[in-house]
Amino acid sequence: MTTVNDEAPGTARRSRLQPVWAFCRAVLSNRKATAGALLLAVCIVMAAVPGLIAPGDPNAQLYMPGQGPSHDNLLGTTSYGQDIFTQFVWGARASLVIAVVAGLLSTVLSALIGVAAGYFGGIADGLLSLATDVFLVLPAFPLVVIIAAYSKNGGNAVIIAVLVATGWSYGARQLRAQVLSLRNRDFLIAARLRGERGWRIVVSEILPNMVPLLVANFLGASVYAILTAAGLQFLGLGSVNTDSWGTMLYWAQNNEALQAGIPLWAIAPGIGIAVLGAAFALLNYAFDEIGNPVLRPVRKKRVRGNS
Amino acid sequence: MRYILRRLGFFVVTLWAALTVNFFLPRLMPGDPALSMMARFHGRLGGQALKAMEVAFGIDTHDSLLAQYVAYVGNCFTGQFGRSLTFFPETVSQVVFQALPWTLGLVGVTTVIAFILGTLIGVIGAWWRGGWFDSILPPVFIVLSAFPYFWIALISILVFSIALNWLPLGFGYTNGTDVTFSWSFAWDVLRHAILPGMTIIITSIGGWILTMRNNMIMTLAEDYVRMARAKGLSSARIMFDYAGRNAILPNLSGFGMSLGFVVSGAILVEYVFSYPGVGYMMLQAVLNEDFPLMQTLFLFITVAVLVAILIVDGITVLLDPRTRSVS
Amino acid sequence: MSEAIAEDPILDVVDVSVTYATPGGVVRAVDGVTLRLGRGEFLGVVGESGCGKSTLLFAIAQLLSPPAELNQGKVLFKGRNLVGLTDRALSTVRWSDYSVVMQSAMNALNPVKTIAAQFDDVMRAHGHGGRAEIRNRSHEVLALVGIDAVHLKSFPHQLSGGMRQRVMIAMALLLSPELIMMDEPTSALDVVAQRSLMVQVKELQHRLGFAIIFVTHDMSLVGNFSDHLAVMYAGKIVELGPTKQIFAEPRHPYTRGLLESFPSVHGPKVRLTGIPGAPPNLVDPPAGCRFRQRCPEVMPRCATVEPALYDVDGDRVCCLIYETAGSSPGASHA
């Protein structure tokens, strides 16, 4: 849903850093974007240097099992005597990596198929669009579950592969639509007249105009990846020995954490997933607003008195 | 009319794709899972069921791939899906048809409620721009919809079932009671459906509210809305008849695409609540490596999704006269 | 303009300004516009793109939407100030006393409702609920614009551009208003359709006696059909007076430039001169006269003193050249 914004007349490109500064200003001026960026930063820190925040082995069964929060264990302990807080911090990495990698690959695949369909048109478009629509409609989650069930214990790589294979279709549709609308614009006709060849035109003329939509796609695909990966891991279809928030939930559910009086075991990873998902979703929504001023929050002003 | 025909054609193609995926999946997966599965039947299969499984999974058969495929497709249309490992000796079709009503009831009804409520709230939210409604609502719902369905389900169990003991922990109805068409049974079913239903509504409504609100805002900027104001029409009429009717159209087309999320959410919610629907059966099948059941469920879920899309398309044709004209 | 009409104006726009907030600052799209319209009069408002003429129209009709707002001035319609009234209060006069015809009929008609339904809406909203009455009136207005009544059942996308525009005019006539405001209704049409529409509008005006405010960028079009002309530039009115007089003797340098950029089909070949330069930035308009940077007759004084509308022989001109010649602003008739 993002639109391409024309630059205000008269602004000269003063330096290479200009767009970066503009970007930062845009993020800071929009409350949702700032919130999303902050949440994301927190998760990134947890993923990058978990040892600094919660030193120790998350899987080490050192403590009394099933305890509530205490001085030693900020969030209590699991049924196996592991520290929930440590597990929580260390779990960030796998969740973030899956989200970003799956999101990126998904966006790349969407871009390849969507742009090819939109640009080349004709039979290629017809076939690619049909394939996109079919994949869009086929229920992804059951398919994902079946494939994961067949290839048990494949680890994160399988999860990522399956997520990408089922998640690319939505983005492809959007990107194709935008390419179609750009295709007949004058600057492209000019490029063709200059003799530039197909793929060169795509890369140097079309793609730069599609950056906002690509970013939106990436953010959306990441949200999809986070939630679906969490679901799969929760069901025990990921590799149950890796540290991630989804697997934490799996073990918590298996040990009936809620009934056993240690709900934090289930609550903490859920909040983690929600925070990561919310971060991407907020950024996505904010970019929509930045690109399309009509959607921005309206602050009502009083009409100055007359009559 | 041509529009509906095109959609029906698409329906058929997608169904065919699902069938084909089902056919090739067991043959492509490493480790030949099909053989090990058949071994677990310990030769208890016979007759039609055995034949059906053989062509579906490509075991013990000397027919060509094409012949198997044709036989498989034929079987699907006649309902020969083999027997379920988990619920032996029930056939897969029996299991599926028992579970289907539960899912259609729970997921179908709540999804429609979420869509309608979400759309209404979105319309009103867009109309009252600048108020607290408009500035608080979007961020709240963005965050809310980022929570995984199943986590909300767990929390609601924690609060309403364990802590407050108001509502049952799970299942479709109280264990041990007979399935009868009586008011007390109906009430029992309803009680058991409240928590899973609320979970689905809470997590999915956010998306509808937000997209409808954004659509409405874009529509309210259109000239024909300004024209409606100029004509002196009442606010209610402009909101619903002029803006709403146009703003909902992209939402409807988005409904089909959102069904993927609905299905995934439904499966997880049924799992957490042990609700005896199609999703729960699917997961039971996964745990027991019951491939016939798994794949057939996938097929039926696909059919359900396609039917839903077709219904929504029908509604779109009714609401948007532009689709009725021949392009 | 005769004294009689001047004393009983149907519309009195007094010192109206419209601003809207942009990231770069506050834009004054319309700056202190005053004009007066008599009953049955045809006023053309011309200017280049971005001069504020459409904004002025919407401001008068109370149809501005945020971020634009009418932050100053009065709009007296038959003596009653419309500014600041709620939608509910306005709904009694809207459409029944004055109506609006917008630029693009495709965008101004609700795509999912039939023409009949859209006529129906208006009639019902103003208390004319009878089915027979609505049907009769709908047929009547369509006949007025020369469209077959069978098209009542059509949807907007099924009609051609010219037909849609005429449907808009028919809709504007539904409640027999005394004033119709038109925002570039002919821009989307070809030249032949344009003229045919204008002739029809003029004829309807003679028959039914309503006043018209006609906003356009096409000087020649409005020159043939209007009684009075208001020329706008950068949010202000720079010349206001009887059309024939302005065409015969344009006084403001901008008006002269406009007239000279339209070639005449008849007559000797004349060298076309445009107006070099571009309109000023409305966030930060230049001091003094806004037109001075493009004016062929600019004087040093123009940079410091902002001209007011000076009365010159019944023509009001916003230019320092006429500062001593005319009377000061505030004269009661245009």
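In order of appearance the chains are A, B and C, and numbering begins at 1 in each one.
Methods note: a contact is a pair of C-beta atoms (placed from the backbone, for glycine too) under 8 Å apart; a residue touches a chain by one contact, two chains touch by 3 or more.
Since we're looking at a predicted model, the values are computed, not measured.
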Farthest-lying chain, centroid of Cα atoms versus that of chain A: C
Most central chain, judged by mean C-alpha position against the global CA mean: A
Chain B and chain C: spacing of chain centres that average the CA atoms, whole Å: 54
Separation of chain A from chain B, taking each centre as the mean of its C-alpha atoms, in whole Å: 23
Mean-CA-position distance for chain C and chain A (Å): 50
Chain C: positions in contact with at least two other chains: 66
Set of chain A residues in contact with two or more other chains: 298
In chain B, residues with contacts to at least two other chains: 129-130, 221
Complex interface listing, chain A residues touching chain B: 1, 31-32, 35, 130, 133-134, 136-143, 145-147, 149-151, 170, 223, 227-228, 230-231, 234-235, 237, 249, 253, 258-259, 263, 266-267, 270, 273-278, 280-282, 285, 288, 294-295, 297-300
Chain C residues within the chain B interface of the complex: 58, 61, 63, 65-66, 87, 90-96, 99-100, 102-104, 107-113, 121-122, 125-126, 155, 157-158, 171
Chain C partner contacts - residues on chain B that touch it in the complex: 129-130, 221-224, 226-235, 237, 241-242, 245-246, 319-322, 325
Chain A contact footprint on chain B (complex, rising order): 10, 13-14, 17-18, 21, 25-26, 29-30, 33, 129-131, 134-135, 138-139, 142-143, 145-151, 154-155, 157-158, 162, 210, 214, 217-218, 221, 256-257, 259-260, 263-264, 267-268, 271-272, 282-283, 286, 289, 294-295, 297-298, 301-302, 305-306, 309
